[in-house]
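First chain written, first letter: the chains are A, B, C and D, and each begins at residue 1.
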């Protein structure tokens, strides 16, 4: 499964001394975009062409706080349901033991000119319509 | 219902020209903490005393993108289930028409010395055990 | 002088319990952009047209830490030197006593197609070439 | 000289498609804190003991915009003047050619119980009083 590794930085933590819950959304987005790059379909390039992948729903379960210096692996498993609903199942795993810190299910839609769309190139991210 | 109002700032937006999805978590947290202040029970003061309110689950539905200069109202309706599970039902409403931009359900737990806790003072936030 | 007022939010503070030094740059940018809007020349609209105002130098003196709930006024006084060098002198003042928290001098350049530029519309921000 | 390497993430960029100027402060702080760890004197641990290293002045010259995916090296060269004034000279270098993107001089002070201080342990960061 696709994943990226990174280290928690001090400035990502709040007064509880742990990564602020909003920062996890940054981490998860980073992994999704890196996944996109890995298959040669860049989120930024899509955006520049007016193909907007937007988040419709985010579900996150927080299991384990993260602290400065923690090393994490962030996974991104894309899949789709029907033509227009795109998903990423994701985890943030605390290394080296891969302890789940966050599990997430992200639901996205593709919007072109304000309307739902499913250009064929998205098959490279999410697979073909099954 | 408790709510705060604020205006979207340019630096909160990303290359799509809309508020980045992680920033909504900041907005929602801000409203929860302001709610806490409004009933005289400060999140920071709790944290300083070792009473950690931590997020266990976040569910967000994104309905409407927000753009720089947009004025929003963010609500926070706290409730609890049983002794140890605390919730906030929240909305981000685009003003002046109160169009829902985000609806969220946040599940929290209270942790003292690493263990689930339910100090009586939290009744001021979430009501008594029903 | 142009200014905006805002309140420090919990999530802008780090483990020292004070506003992280990077966040002041956000505050200052926000005031500059709001100044732009106040004279009818929007930074975002300029950017969309390929007129990029970019920061060349930032000087910040930090006098006073800011804490959650602090109310601040942020000023922005634009001026220019010659045709191509644009400046903002800015302050972040802790209210109600207007205690200086930060004093800043920001130096900007205007770049169109990668080259220094000084379109006449910028006179509305920075005044005419003296 | 001490340095860390990292890659620009999409969410650090704003509507101009480049790293927002405030984010550079995060990068620079990250390098300073990692330097601290490298000599066994952790900023967070200092903070927890009431030894607050706070920024007094930041000077940044921006030479080159950074874009998503750019690989950078961030340096941190600490030095001191007299007993109480601590400095970091820093650079953000665009790899692989080490093109300077930002040059910065950060001035810090150490504050204990609200008063300037210079505990001997800081010699490990900044060297002895010359």
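Keep in mind that, in the parts below, a residue touches a chain if its C-beta (ideal position, glycine included) is under 8 Å from a C-beta of that chain, and two chains touch if they have at least 3 such contacts.
Because the structure is predicted, anything quoted here is derived from the model rather than measured.
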item	value
Of all other chains, the one whose Cα centre sits farthest from chain A	C
Equivalent interface positions on chain A and chain B, same or different at half	same
Between chain C and chain A, distance of the C-alpha-averaged centres to the nearest whole Å	32
Cα-centroid distance, chain C relative to chain D, in whole angstrom	22
For chain C, residues that touch 2 or more chains besides their own	10-11, 15, 17, 20, 22, 26, 29, 44
Chain D to chain A touching residues, read off their complex	9-11, 17, 26, 29-30, 33, 37, 43-44, 68-69
List of chain C residues in touch with chain A within their complex	10-11, 13-15, 17, 20, 22
Residue ranges of chain B touching chain A (in the complex, touch as defined)	15-16, 18, 20-26, 29, 44, 47, 52, 54-62, 65
